[in-house]
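There are structures below to look over.
In the two assemblies presented below, chain A is common to both, partnered first by chain B and then by chain C.
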Partner chain A sequence: MSLPQEIPWLEKASSAERGAATRQDRAAPGRVNLLRISWLRPLLVSRWPQFLVRAVTLAGFVFAITAGLLGSQVGSHNFAIIFVWIAWWTALKLVFIPFGGRSWCSVCPIPLPGEWLQQGGILEKGRRFGLNLRWPKRLRNSWLQSNGFLLIGLFSALTLTDPRVTGWVLLALFALAIGLSLIFERRAFCSYICPIGGFTGIYARTAPVELRVLDNAICAAHIEKTCFQSCPWGLYPVAFRDSSACGLCMECLRACPKDNIAVNLRPFGSDLTQPGSRTRLDAAFLTLVMLGSAITFAAVFTGPWGSLKSAAFAIGSLAWLGYAVGFLALNLLALPGLFTLTVWVGHKLSGAKLPLRQMIAEQSQALLPLGLMAWIAFTVSFALPKLSYILGVVSDPFGWGRSLLGAAATRWSPDVSGFSSILQVILLFTGLLWAGRVIRQRSWPVLVFCLGYSLTMLWLLVG
Partner chain B sequence: MRKEWIARVIVIFLLAAAIGIPAVGWWKRSQGIVIHARMAETGGWTPENLTVAVGQPLHLRLTSDDVTHSFAIGQSDQPAVEVKPGEMTEVTLTLDHPGKYTFYCTRWCSVNHWRMRGIIEVTGQQTTPEAVEPPLYILLGLDIDGDHDAEVVPAQMPSALRGAQFQNMVAAVYRSREYYQTHSPVELWQALRSEPASQPLADQDVWDLVAWIWQSNITPQELSVGQQLYTANCSACHGETGSGNGVFADLLAQPDTENHSVRQTGQMTIRPADFTDPVHILSASPAHLQGKLLRGGMGTGMPYWGPIFTEDQTWALIAYLWSFQFEMEKLP
Partner chain C sequence: MKMIRWLQRAVQFSLPSLAVLALVVIFIPSPAAAAIPTDRTFHIEARRFEYAPATLTINPGDRVTLELTATDVVHGLSIDGYNLEVTADPGQTARLTFVASRQGSFRFRCTVTCGNMHPFMIGKLEVGRNTLLWKGITLLGLALAAGMWRLRK
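The block that comes next holds the complex of A and B.
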């Protein structure tokens, strides 16, 4: 096995780019390396803290599946619905992604059993199981993830409210992740299938956390490339231009003999404004799907249209088909078409020489802060009023009418209505301003697109 | 290698707990009788048929899988209990007589609310066989499916108070309980009109007299019980004011709309009867109304209340229906 062939990024990056990256990393503007903080370093370097969190999330995930399948069919009283779709979703959207990028991936339980089988052990490596095939080259992109997310959108109204369906969906994801680990090498499921991983990855570019190599020259001289060998995701840290692929599992820094890897705190959105960063068309499409889904979910779950809600819920009915066609038309035709048009107009006005595909990909980066803030704003109105259910399901996880804490009866329910509208306006406005800063060549048609999107979300969420 | 084994033990222990605790709880729960309530469109009561030996306590745990329902047993004094989503309501019943009891929902949970019914079969030897008499409408051979429009109707709402001044003109035969149950107000009016004694009276005076005779067959207690029953069971469709405009009325009037609950009734429904319409009501005798109430149907979507109401409750309900036609003495 010759190593350079295993590292496609290394081949692609020109020596000039690599040199530029090295100088930048050395300077590390506005970065704080968390590994230089003495009390934090052992927590990241040792596998135990991460393992313990993973063991708990894995048990919680299996518990959610069992609760979904065996517990009460009343969503608001079932652990699976409340913990997965309210607590975890809120935490993912409000904390993990905006402040930690792919930090959830580092403790996500779904790929763990497969990965442990793959490497033949939990903390140490032993006899490997599985075929260890390479993931097909044609599927090395985020198209499957975009389609997976669209599929979720089609069935979301039922999945998000029916504990049985939630249980089966979680179980299916679990089985898929384990199955793929046994067929393909490394984290094929996380990188190319998991719909959550897809959008977590694109929004991780806005987050204030990154894992980077300190000095590329040291890595270039290091023949063994232990970081790449140990990376469960099959990534080579030297090649990182942005944070979208790295799952922050910390295996590379545990394997690096030269202590040449940094876990940096950085300014928000650093990946979006740095000159070298690029986006592919598949990521641009996923970004647009996330925008379309935020609009749809806001309309279905928080909007005042009862018939839309029942249409989204009545899977298989004629009304649902109408909803499905509308949802797909919005995501596959309307938004991509409109965005392409605005980029094209901006392109003509500026007279830039770049190909349109590349312009679309580059300008789509502006949609990342826009979409992230729209999702946060949606989550605020969707999930915050329901957080009070959490105490209830902790006390009675299966909705069997047994109170473990005695809390189910004395339910605390905060009124967030007034406060959340103000917060949503601030969030959407921040997203728009931030998007404006990311737009290339001051293309005002793209800015108009962003403004239109923000106003639509404002209308749906605040009214 | 020791670390690896510790890690494996931790994972296995946590996974065993995550699966074992709910599995044990689920197994324990499957031991008792848990009744799940759902709207009729999505299944009603599960299970809907129960069997218990006479005198044996029946311990039920009730929960709802959708909206708030309520559990009651027809023709019994057992108070109705709320069945709330995600909560357990425990009820212990002891049924002393063999036979079939109907349990039903008393909350207007959907347009098919009344279809939420189940049967408790109480098995055992009947100690003293009770003679069962068919209801009056069967004995009289009434056709409750036909339309019977009133040939004559009063110009204004008849008043029992005004009718009281003519009470001495009425023969005893018209004042009996039996006459009241088996004749319609129109029949009584026509009979009185043809009596020589009431010739001097105007048509409206005779209607007032009919109202007085009807009132004299109804006790204030009956009216009060009837009103409670009506409000709880009938007003969802027929409306609080009796004019057929209850909350479900519009849904029943358009059975082929996209509304999923209506589509699944499996039969045609029409707008509920308007009890304030004299043409429709004054031609019906109490026995006739009793038939409609007990058996339901008539191609209208009217539920059958036979297994739910006792005989006294049925007559009380009918008594209350007359208050939509006649000015009777106000309830205390």
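The block that comes next holds the complex of A and C.
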């Protein structure tokens, strides 16, 4: 039996730490084990409900690729654009992540064909297929996901509005996930490549759901470690310190012969405030990229600057080059530099003995609630005025002038101004308030950084 | 000083007290603007995917006429919060007159599909002072104070 080695913090965690973390979780107040709810337990333990949802998402994904490649090239009349970038992207940020952490990963269609090939079956495992190589150790981090998200930002205006480009991007993700599944073991694509996986992973730490072991001693005595053996992600639940890596697929739950796994409801942000919670420098960078991307998206898609929109859209032009330089400068220089400076000042003022790198990684946890709330606030103004497009593309998914449900000509009615601006203000206020409760070591300069970020988003969204 | 100490003890920046304060700040009525309403006319050029000018500033109560000229393809204009719409054919000018009865910052958007970035073709109508922005700044100041209060412990 091989030991779990894909996730670096697992290798570094001592058995004492693992035990302490587990005992603490078990004893922590405010947890409700969802598996104790009689009607919910069979839904989580059985593979069938999950498979049915996966089948629907997979069919929708294939349909979105088809509509993108073959349908109308008018984005607002194409299923691919409206369902991927309005419906799904909105649901991810307003529902799946804030309330379910990585719950989307449990039904995401992208890795499914590769995983089924890899395990040689759909519901039950058969003869394994593929090279089953270990993912390179130096790439076991979130740097590639950060770069992936930067790429999304660079080409977002085209990808989010051009159905054919969306179709090709989805197809490329599909092919990449299948290819990597055939070369590397487990879910290498989801853990280390998928930018959306990076996005959901870091913000899953704020969510009110966690999967944890009930009794560490039972796991220690269990020689077979069936939970690890069955985990598509290569994770060992005993070692969970936070919820960033677990895709909530429930395979460990199904494989555990001791009924020693809990799926808990917990207070929001529990991972951020528990003693000893940490993050890594690569995760801190990903967090900053998310902040920079939210600012850029808000400016491009909800701002009144037409020249910025045109520059972001005209890929390859001189104007786009300027946009790309600005976007990369914001994400690679300005935000990381400013954040490092504030942590350094806070470091000096607090007299903490920790190395600066560790301080940056620790304090970046405060940026998670800040960023999550900023993304939700942006989504309110980005997507809500366009939700009425959904009925139209359901009625005419390819934009070919048909009206299957008689709703293709649904009149566009964007007026959500009565509540959306107030909601955005409340969300940004909540984000800063929450960040203030996560900051450590009396590092008020970090709080000032968070204030500056919130003011910028406020100006972009309601200014 | 006694008053300040009492307030400090009373508030303590607990979550319920902050929530109440936030709601008060958000929903407390703002003083009405004192400017005298006038007639204003704006000529707006619409081209893919921008309006020029993109930001219009007026006072509450102003009678506003928008002259929308589309310079490339058909464009439209509707204002969030106002039940109004106008459409202009290429090279043509369409007019829309309304009274700016609502104060605040409102986005106006293109209503006729004009290309890929059409859903994001947006302008801004500022009617008087943007009180929501100032309320937001106040709330962020409150959140900053709560964070400082917590860090001083």
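By our rule, the second predicted complex is superposed on the first by the 443 of 463 C-alpha atoms of A that agree within 3 Å, B and C clash if a C-alpha of one lies under 4 Å from a C-alpha of the other, contacts with A are read in each partner's own complex, and residues count from 1 in each chain.
What we mean here is this: a residue touches a chain if its C-beta (ideal position, glycine included) is under 8 Å from a C-beta of that chain, and two chains touch if they have at least 3 such contacts.
What you are looking at is a predicted structure, and each value in this text was computed from that prediction instead of being measured.
Chemist: Is A:398 touching anything from chain B or chain C once the two structures are fitted on A? First, second, both or neither.
Modeler: first
Chemist: Of the partners chain B and chain C, which touch A:268 in the superposed model: first, second, both, neither?
Modeler: neither
Chemist: One more residue to check, A:425. First (chain B), second (chain C), both or neither?
Modeler: second
Chemist: Taking the superposition on A as described, I'd like to know which of chain B and chain C A:59 touches: first, second, both or neither.
Modeler: Only chain B; A:59 stays clear of chain C.
Chemist: For the overlaid complexes, name the partner, chain B or chain C, with more touching residues on chain A.
Modeler: Chain A has more residues touched by C than by the other partner.
Chemist: Output check: A:74 vs chain B and chain C. Expected answer is one of first, second, both, neither. What do you get?
Modeler: A:74: touches chain B and chain C.
Chemist: After the superposition on A, what does A:157 contact: first (chain B), second (chain C), both or neither?
Modeler: second
Chemist: So, does A:168 touch the first partner chain B, the second partner chain C, both, or neither?
Modeler: neither
Chemist: Which residues would you name on chain A as touching chain B in one complex and chain C in the other?
Modeler: Overlap of chain B and chain C footprints on chain A: residues 74, 76-77, 310.
Chemist: What residues on chain C touch chain A, complex-wise?
Modeler: It comes out as residues 18, 22, 26, 47-52, 54-55, 78, 80-81, 83, 104-107, 109, 111, 113, 116-124, 130, 132-133, 135-137, 139-140, 142-144, 146-148, 150-152.
Chemist: Which residues of chain B touch chain A in their complex?
Modeler: Residue positions touching the partner: 1, 3-4, 7-8, 10-11, 14-15, 17-19, 21-23, 25-26, 29, 36, 61, 63-66, 85-88, 258, 260.
Chemist: List the residues on chain A that touch chain C in their complex, please.
Modeler: Against chain C, chain A makes touches at 74-77, 157-158, 161-162, 300-307, 309-310, 313, 381, 385-386, 389, 412, 414-418, 421-422, 425-426, 428-429, 432-433, 435-437, 439, 442-444, 447-448, 450-451, 454-455, 458-459, 462-463.
Chemist: Can you name the residues of chain A that touch chain B in the complex?
Modeler: 51-52, 55-56, 58-60, 62-63, 66-67, 70-74, 76-78, 121-124, 126, 310, 314, 317, 319, 397-402
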